[in-house]
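Just below sit the structures, each encoded as structure tokens.
The following pair of complexes shares a single chain, subunit A, combined with subunit B in the former and subunit C in the latter.
Up next, the complex of A and B:
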């Protein structure tokens, strides 16, 4: 659909009096092939393309990147590593190692749960930090940001599309861990009825549903971190700086969550409910933490989204 | 450029809106009409006469007894069976959340929600199961036939409780001859408490979104550590919704247990069915010969179950353990109970045993004449010669009692 530019998009180049800002149409060719980008043909959308096609091209660019694939493969390697280690070693006594580790030898589906548990504190935030920190700063460092803005996409729309891409990765990452875990668990261990934390037993189809629920919970958990990464990414043209800062923020928040002296702060930390996904494994499912987590993450998205918007629409695009 | 600052307006507005929302949410909502005024006796009548037999809810329990905190347990916590003192202290320190499902007096499920783990107590009639997800262990207990020990009113229909060892159970009205009415009990209680305790009605509170009366019991003396006990009584049903115990000189409640959500619908019956999961270690427990509230040792103290006068320990039980009877000094809330040293020089040995526990040895402070185990509600003095003094009083009173005895 050839969408006509809405007024909000038209008001974008309002600080275009600065010669450095090359947002105005006509400054460059909209169909320029962007150097240094894989799938550049996808990016070369004609002027006036709808937000949907912009989003589609962003997603295609994101998931076709070798770096993204490598990160997903690395995440998928976590359950494989756990499963192989448990398979090769003797039985794990209960209460040793991460929770659920002792259940793996009895039921392969617990590989997915253990792997998600293990990847929550560092591996998932690490990959999210890379993706979210790269959103704007990556384009800026490659010199492609101004080309993206040449197409009358508008800065707001670009920001939204970039954030949507980061969210898509937030969903893809835990699902990758869950699927890889379930697959390797099924191939190395017996699959049977799953014992929940409450001691009740559910059949494998429902257990698989709960695994997906956990992945959804983790995706929601990472949405706030993505917003922080997006904001940090608008602050710099050095993507590595934004990535590192995002990861550091997540680690610092988790450390603060452990300090009893900061107890008043704990419910406000975006990492506070990260381990609450275990509530999905209770019978009946306890939705309180899911709801609290979603509300908290929505708050972070609002705050850092607004900050990212303010920073991005007021800044000079030099590259 | 002059419009650039307007771009930052949302960034400032969003936190402001969130802060405003949080502030508005923290002000207790005054939904609906205020409850009609009631006297303490009327509230006690309401409390004693409540007929709630089936409900499900979430209970949060917070203790701040001034005990040293146990090291925080991460996702990889040690074995759950770390020892008796540890599990007891686990209840006494920090915060816990539990889901409680009750359907009648003989069907109960309590789920203590731990981090990445859960402890369950499931009771259906005579069968009680304990389950701990940390080590995947279950324990089973068969209650004696008479146990209908939930603090709930017995429904008029006796069909729910067929006692296996009583072939023809007597009719319910014969089993309980003339039960005193809740109003009578309230009057009796108030008359008993009159000398030592001021029973008042505090401002109306909201617990689990329900308007509730606040019944406050405050000692009439300054010589005790206890400042106040507040019981929130549901204005509609009379169910106890929250118990708060406050200690003197402490801003946070020393103990609080209350519902954060409550549904009065009968829970799903399947919740009360428990089959040990595959791979679980199952232990069969024997009912202790003298059942002292058999059932739920792991309960974190639901509201209404914990009364302050039960907390310092059952004197009668301890009296059987020691040959010479315990000494009692002081009255009312200032009572100090002294346990004499065991005969033939085992006193020091007893103290040693107590202090061998890593936690207790850490918590006990050396004071003149012995060691003091101090909490914000109860003090325990272990004298050097093996005597033990317990009371809800400041430490110097314990030392005075020890010196006088």
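Up next, the complex of A and C:
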């Protein structure tokens, strides 16, 4: 009885191909052991080199992505917006608007400081939420997670590389704001010696260094949030869910930090030191808040990293 | 590392009592697969019969609820890091980063493996794309690929390194007839190179054409498994007889252990069909000799084997009642 006509039968029978049908390919062939050829390819590349290779691939995939670029452009637009607004308006009366706003017209470098300050509560957490929430859930929703894992990337290795990618974005985001701020500030306003919060005056190169120090402070501040995002991302295959949850967590933490009734909780909130970066604008630099912040963030990384690990290594990849 | 997987039994994939439960639902129920080295193994079953879940467990993507899995001689998922570099896989359709080009996608998956030497990555990616006929579209974003092109890219991904085992889940899904044909010849050439190929499919004709062995899943259970020839023989054999002496013929056939069906009239006489289990049926020449000896005028005689499709339907049921 002929078998039913499936699409594969619509083609013309090919005489040249037929004999191999009956030959039953592979049966009695040397099977798996084709030494030199296959054996050689299985040898592992040194672990460090291969992980760097995966990290490079992760960073390239992250930063070549239009969404990532759009977020960085949006962040860069914040200082531009501030600078243009100040330039177009008459002198800003001191004490109104965000801190440092009144000093922009005297010194363009303050555009960068103001922009970073403004982006801390929402804009930075928003972009970090998108990147960190997308880490695992994004791959799962694309289906690429299963191909990374059968490559095999190794679950722990993949998790580490994903977190490293998110950290790279945590650094890139405030640096983008700082650089865009300094650039637009320099082009619209005079640049000169900067008077620090302690009253000391530093020259522009030293001031630029302080700007980068603030960016580094913010990057550290966002590391804990990234770990939370990474964990949430292992919980779902819907990246938007993980992103939104991460942003909500950061907002909730900031609100809790404002409630005097929860004062006992404040030192434990990962957002508690987010605005402590003013201390790097003193001479000499006060490292206390930097250190407390780093310690707190390390704690969050440890806890949520462990949770993400526990969740991810045991999870069935069904997407 | 030349094939530490050469087990005594010579099995590339072996599962014992493999079971996967999702809550109360049993997706894969006590499956004992045995895929010999060098086989082209067809993994058949209706939609929802547990094929893909089984494949996920073979590849260490999902954990088994019970039972053991051994791939290339190593237990899975414990041996995952040594096994998977030797396995090329296409699991439940291709998946790519739509915003990256075909080449960039393959580079990324190759970089994910600890075992893809970076020095040869470019050449291997180009060769894999060439092999599936995608060289011309290599620089295009996958976003712009058709389903068939994505499927080809998925196969290229499975071929990035020399492999001992290929697990191809519905490899011809979405391909045009030419593509289907190319996949068939690709599978043959891989098998000729000595690789074991594990193909899941619901296209039976395809499996019949390329496979040496097959297994049939139904509602999470493995209902048949073995060399293709044996699977076919396990079914019924049917003879078709054209004769004007239907009455005598029926008696002879009954005596020979066959069950004659109702005849149909044709100009030259009556067409009789008779069915018997393949194991119990007499050789065709003996049937004819018996008929002639009894004075039956035989004007036409043929033996028809059940196709794999008949066997498949017999084992998994008819119609759209997909497994619960």
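Just so it is clear, the second predicted complex is superposed on the first by the 270 of 319 C-alpha atoms of A that agree within 3 Å, B and C clash if a C-alpha of one lies under 4 Å from a C-alpha of the other, contacts with A are read in each partner's own complex, and residues count from 1 in each chain.
Just so we're on the same page, a residue touches a chain if its C-beta (ideal position, glycine included) is under 8 Å from a C-beta of that chain, and two chains touch if they have at least 3 such contacts.
From a predicted model like this one, the values you see are computed outputs, not experimental measurements.
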item: Subunit B versus subunit C as contact partner of A:184, first or second or both or neither; value: neither
item: First (subunit B), second (subunit C), both or neither touched by A:197; value: first
item: Touching partner for A:54 - first (subunit B), second (subunit C), both, neither; value: second
item: Subunit B versus subunit C as contact partner of A:314, first or second or both or neither; value: both
item: Partner chain in contact with A:158 - subunit B first, subunit C second, else both or neither; value: second
item: First, second, both or neither for A:279, with subunit B first and subunit C second; value: first
item: Touched partner set for A:232, first subunit B, second subunit C, both or neither; value: neither
item: Subunit B versus subunit C as contact partner of A:98, first or second or both or neither; value: first
item: Subunit A residues touched - subunit C or subunit B, whichever exceeds; value: C
item: Shared subunit A contacts, counted only where both subunit B and subunit C touch the same residue; value: 314
item: Residues of subunit A that touch subunit B when the two form their complex; value: 14-15, 94-100, 102-103, 106, 117, 192-193, 195, 197-201, 258, 260, 275, 278-279, 282-284, 286, 288, 299, 302-303, 305-307, 309-310, 313-314
item: Touch list for subunit A against partner subunit C, complex; value: 1-11, 17, 20-21, 24-35, 37-39, 41-45, 47, 49-51, 53-54, 56-57, 61, 64-66, 142-144, 146-154, 157-158, 314, 316-318
item: Of all residues in subunit B, those that touch subunit A in their complex; value: 1, 3-4, 7-11, 13-15, 18, 58, 69, 72, 75-80, 99, 111, 113, 115-118, 120, 122, 129, 131, 133-138, 261, 268, 271, 274-280
item: Of all residues in subunit C, those that touch subunit A in their complex; value: 1-3, 5-6, 10, 12, 37-40, 56, 59-63, 72, 80-82, 84-87, 89, 91-100, 107-118, 157, 161-164, 172, 177-178, 180-181, 184-185, 187-188, 191-197, 203-206, 208-210, 212, 238, 304-310
